[in-house]
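Next up: some structures, all given as structure tokens.
Below, chain A partners chain B and then partners chain C, in two separate complexes.
On to the complex of A and B.
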């Protein structure tokens, strides 16, 4: 019995020690540093996945790319810091005026860490791309794609079945209640270039070309060249999938789909009309947004951008909202839990792209800020008073 | 008397700074009213500035200094150089004003260092035959991202850009060939009606005066070429609307002659100045300037005033003069540790105060000129880091009058002004803000607060360096001084933690307000976070007894490395929303600085027998540090 007590005491001692705090702080500093350097290669999103929103930073060793953890990730360090902080406050600290500042600061830090965790899990980012005069009621993912099979039989209503790219990547056959056929995946490339086959020399297989057994739509006329997945934030990965649809009487046909193919591919089956394709994952909104006007100002006599702005009209589908808003640099529109801010612009073609962010935890940093600021002011205020008293003494 | 010496010294130095407000000697002694010319407002890169700024920033970016020598080896005023660029390009082309240091680039242009002034400055005439090759080489390098270029490629692109901007200047007022442009314009003014009729008739295959049509059309295409080539907009709008976006290039203003039937009077003014300069006729030159300034004074009084002030500011060189004062203050402070502390220490303090006052005025003037908060780009952040650190040192020196804070302050003040000088070589430091960085409340506050955090972290590092160096000099550190340093470093680290934390969080609020996310793991954000964490590490290590005096000092010196990485290293990565201050050349300077700081940390941990500590407290603290750092 007594040995159990010692074990738990040892645990408490370990998790409440200031040495652990310093070690964790050093580790977190190193993590932030190496992750910043890694951004040159991976881009911010690659770094988020591989360094911060993970328990271990992995290195891929050897030809078989065996994953080996070589550094604690953001979740591990952050988690230990949280435990360390909370445990210290429970066991080590006594609530006194003298320590109130530190207590408050640390409590704010806890809120901040939890807030970043909430953000990491729940935050969603989309792009809303439209041309002047265009109205959209959905935004599109920056990186994710989906295969859609749309039943267009009913002239008034499309029935959309969307299959996320991650499911396609798994490669297992897919059966869905809304579809009268199964979907078999014969090929999937996370990023690829497409070329028309007739632009290549006939009867030859250029190096790097992937097999393509598509026999329907535009697919047979296309050559697929897979390429490396890009983590560059300015690059968009364009995946390709080769899908066979199999009905009760056997194969209906094999299609090649990719977000790069803008023309819909259509087919008929069992007396119904379908469209098949792959597109950037959409998120439909309970409101529609129309781009009325965009502006791209530069400073006189220079190419330095002064301002980008999009004037939009927001209409809620339930009629509760019908107004105009001006979105410009450092002046986003907040609406229904979304933040729309000016992201990119091609003023020559009248195209504007807004970034759409939803973060349910967005208030937490504000609460943390208030707590930490008060805490620090209190703490250093007490120090300063003592310091000047000691000097005058 | 002893009390008077510091005051007298400060007064003399303040007077020396004030002398900068006078018109520079070269301009004062010229028969031409060069000073009046240099104060004329033009619009360039989004803002109205005096021609003086155009001259200085171009010279700095071409050759790293503002001084020019003409072909006879005489030093001429920057304004005189600019006038030659505008109106006597064949002369200006013979001045050696283009810096080339990369040996590979010299090979490409077929020159050796002995052909150049100071072995590195060459004239446009010397480079002219190599222009096609320079262009070809630069185009090869253009294909690469700037971060991937090697030293030669960076150098050749830089040379090409300098030459482009050099050529652009020549087309500001004339077709750039040194011809008698005024005569052409006067002829056009007298013949514009018939000329337009002749051109129209020629297009309709009707009878016309061929000579008239040809001369007018040649002029028209020269105007068009000027409009394509020039970068500066020197022609203010006529009429009631005087807003900035109505300023025109000379070429643009002259092209409209064919519609209005009237040569733009302001374009004619500059052409007249050009002829007077070509003829070296000061009387006409001065008369035209006086008349022109009189006309501008009606509608552009505000712009004239601003340009005048900026011209005075440029000539006064407050930051150069302050950097001299910082050196004097540092020498006095260090001297006071050896001899006459009662005179030298207050003198150092007084000189530091004057230097700080001069930088304050300089920063305030920049803010007024720009209408912006103090920190808008890397250059102004360097000024502000120094300013903040020196302000802290002035307070510290009052609390601990031991000439330590003055030494640290003048060290940081000088170093940051040196950094600022090197950053200014890339062009106009009062540049316009890109849209993403356009100012608002949270942006302004977070940048200022974080920059003060940088100041404090550097100050803690500088104080720690003083501790380390003095502890290694026999008799260099008595107990009193050691204690004072210990407490100063601790206090400043607390201050740095507070400011860097609050600044980082304010930055998060700005990001949330502007972009909808509080934290984006952008390199600059991460850099700020690392400074916060590092200061927190120092404080926790001290509170936990893991580092005593020597350990804290070593950690504080490492803080210099951390801060430098956040300040400059993150910009060198060239990624992220904050990478507005990207630069190549500073990389090696940063490596050198990091090495020097590591050596200082190493010195702190040299075995104690290598240097004999003299005071008992020091060995005690070193012993205890041994325990915690092993």
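On to the complex of A and C.
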């Protein structure tokens, strides 16, 4: 029993120590520094994933690219800071009126740290692209892709089985309750160029061409040229996967799928119709949005954009909402926890793209800043009052 | 000690949060047109992007029914046929190739629609008029429009395919009756379209 107490006391001593705070603050400064340097190569999203929204910054060593942690990541440093802060408050600080400002400032800091964690885990960012007159009830991911196998047998509904790209990248055979066959992954390239095979010299294998054993759909007519994964924010990586479906009686066929091949590839199996493909990860919503009109105004006599706006009609599937909204610069539509910003526009083709963001923690940085400001004002106020009292005394 | 428990719980929650993994999802959606999901810029027949360094001058070959009269290909035309009908009527088959997606399938189909007095359609609707067919060599977009030109019922049966760096347009246009009668021949003709053997 006594040893248990010492262990817990050791824990408390470690987590409430000011030394830990200083070490963690120094580590965070170093992390920001190395991440800023790395951003040149990785871009903002790559850095966020590899340095901040991770427990460890990994290095890949040797030919087999063995992952080795070499620096604490943002979650580890932030998590320890959070625990350090909370533990210190519980054990060290006493709640007194004199220290109320400091307490409040620290509480604001806790809200800020928790807010970043909530954002890191729960924030979703999608794009909704539609043409004038088009209605959509889903948005698409900016970077993520998914393989979809869609059972189209039913007259009214499609049953979609969506396999995230990360599961495909693992390469393990996939057996899923909703699919009457197994999915074997014979090839996966995180980024590739595709070419029609008949545009290449016959019977030749140009350097860099990946093996393609697809024997169904458009696959056999495609040549795949894998290329480097790009961390540039302006580039979109276009993956390719070669998938074999195996039923109880053996192979059904092998398909090549990629978001670059949006034309549907279909097949029949066990009396059911299916469509297979790879697309930007979709998120279906309980409401539909129709683009009624888009506007791209320019200042008279120039091509300088003055205003981009999309007039949309929102209809909830349960009938609870049926209204129009105007979305324009700095005036997003907030609806059902989502924020729709005007993002891009191609007025010549009547196309508008909205950025759809869902961040349950979006208010937390504001609350944290208010709390910290109030805390500092309170603390300085108390000191000022004391100072003036002393002078008058 | 409750505080210690809180500490361990916080650590555990942190670790769990870091281990979130993407999973396979299954869901039902109302039936949708697969073509509607194809971004306008990618609504080309094959859907494939093609490199700029290969096949710039790639040629196609075909074999036409005996009664079609081959004309000299001139201007934009890569191939040209006149198809005679009854009473001096004739239909014209033009074969044209443009680089890339030639401004998009929708825009081109609307151009054709305009030639026989049909109204322009929004992208999604014009896409719905396309029939997708796999020939022995290509994925082909077929359309069949009936309208009016010079006061007479006129029909356009077209096929669009992508080869090399180019979009190829096969357009059979003429008196409605004659084009209707020649449609099976036209489809059989498109089936024979294949890359030309190297010279």
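We take it that the second predicted complex is superposed on the first by the 337 of 393 C-alpha atoms of A that agree within 3 Å, B and C clash if a C-alpha of one lies under 4 Å from a C-alpha of the other, contacts with A are read in each partner's own complex, and residues count from 1 in each chain.
Everything that follows uses one rule, which is that a residue touches a chain if its C-beta (ideal position, glycine included) is under 8 Å from a C-beta of that chain, and two chains touch if they have at least 3 such contacts.
All figures in this text were calculated on a predicted structure; none of them were measured in a lab.
Trainee: In the overlaid three-chain picture, which partner chain does A:33 touch, first (chain B) or second (chain C), both, or neither?
Mentor: Only chain B; A:33 stays clear of chain C.
Trainee: Between chain B and chain C, whom does A:222 touch in the aligned arrangement: first, second, both, or neither?
Mentor: second
Trainee: If we overlay the two complexes on their shared chain A, which of chain B and chain C does A:124 touch? Say first, second, both or neither.
Mentor: Neither partner.
Trainee: Could you look at A:268 and tell me whether it touches chain B, chain C, both or neither (first, second, both, neither)?
Mentor: In the superposition, A:268 touches no partner, neither chain B nor chain C.
Trainee: Per the contact definition in the header, classify A:300: touching chain B only (first), chain C only (second), both, or neither.
Mentor: first
Trainee: State whether A:178 touches chain B only (first), chain C only (second), both chains, or neither.
Mentor: Only chain C is touched by A:178; chain B is not.
Trainee: Spell out the residues on chain A that touch chain B in their complex, using ranges where they run on.
Mentor: Going through chain A, the ones touching chain B are 18-19, 21-22, 25-26, 28-29, 32-33, 35-37, 39-40, 43-44, 47-48, 52, 115-116, 119, 123, 298-302, 304-308, 329-332, 334, 339-341, 355, 357, 359, 362, 365-366, 368-369, 372-373, 376-377, 380, 383, 387, 391.
Trainee: Write out the stretch or stretches of chain A touching chain C in their complex.
Mentor: Residues of chain A touching chain C: 8, 11-12, 15, 54-55, 75, 79, 82-83, 86-87, 90-91, 117, 121, 129, 131-134, 137-138, 152, 154-164, 166-167, 174, 176-178, 193-196, 198-202, 218, 221-222, 260-264, 275, 279, 284, 349-351.
Trainee: Which part of chain B faces chain A closely enough to touch in the complex?
Mentor: Its residues touching chain A are 43-47, 147, 231-233, 244-245, 247, 399, 431-432, 434-436, 438, 440, 443, 487, 491, 494-495, 497-498, 501-502, 505, 508-509, 512-523, 526-527, 529-530, 533-534, 536-537, 540-541, 543-544, 546, 565, 570, 573-576.
Trainee: Which residues of chain C touch chain A once you look at their complex with the stated criterion?
Mentor: The touching residues are 1, 3-4, 6-7, 10-11, 14-15, 17-18, 20-32, 34-40, 42-43, 45-51, 54-55, 58, 104, 122-124, 132, 137, 139, 162-165, 195, 198.
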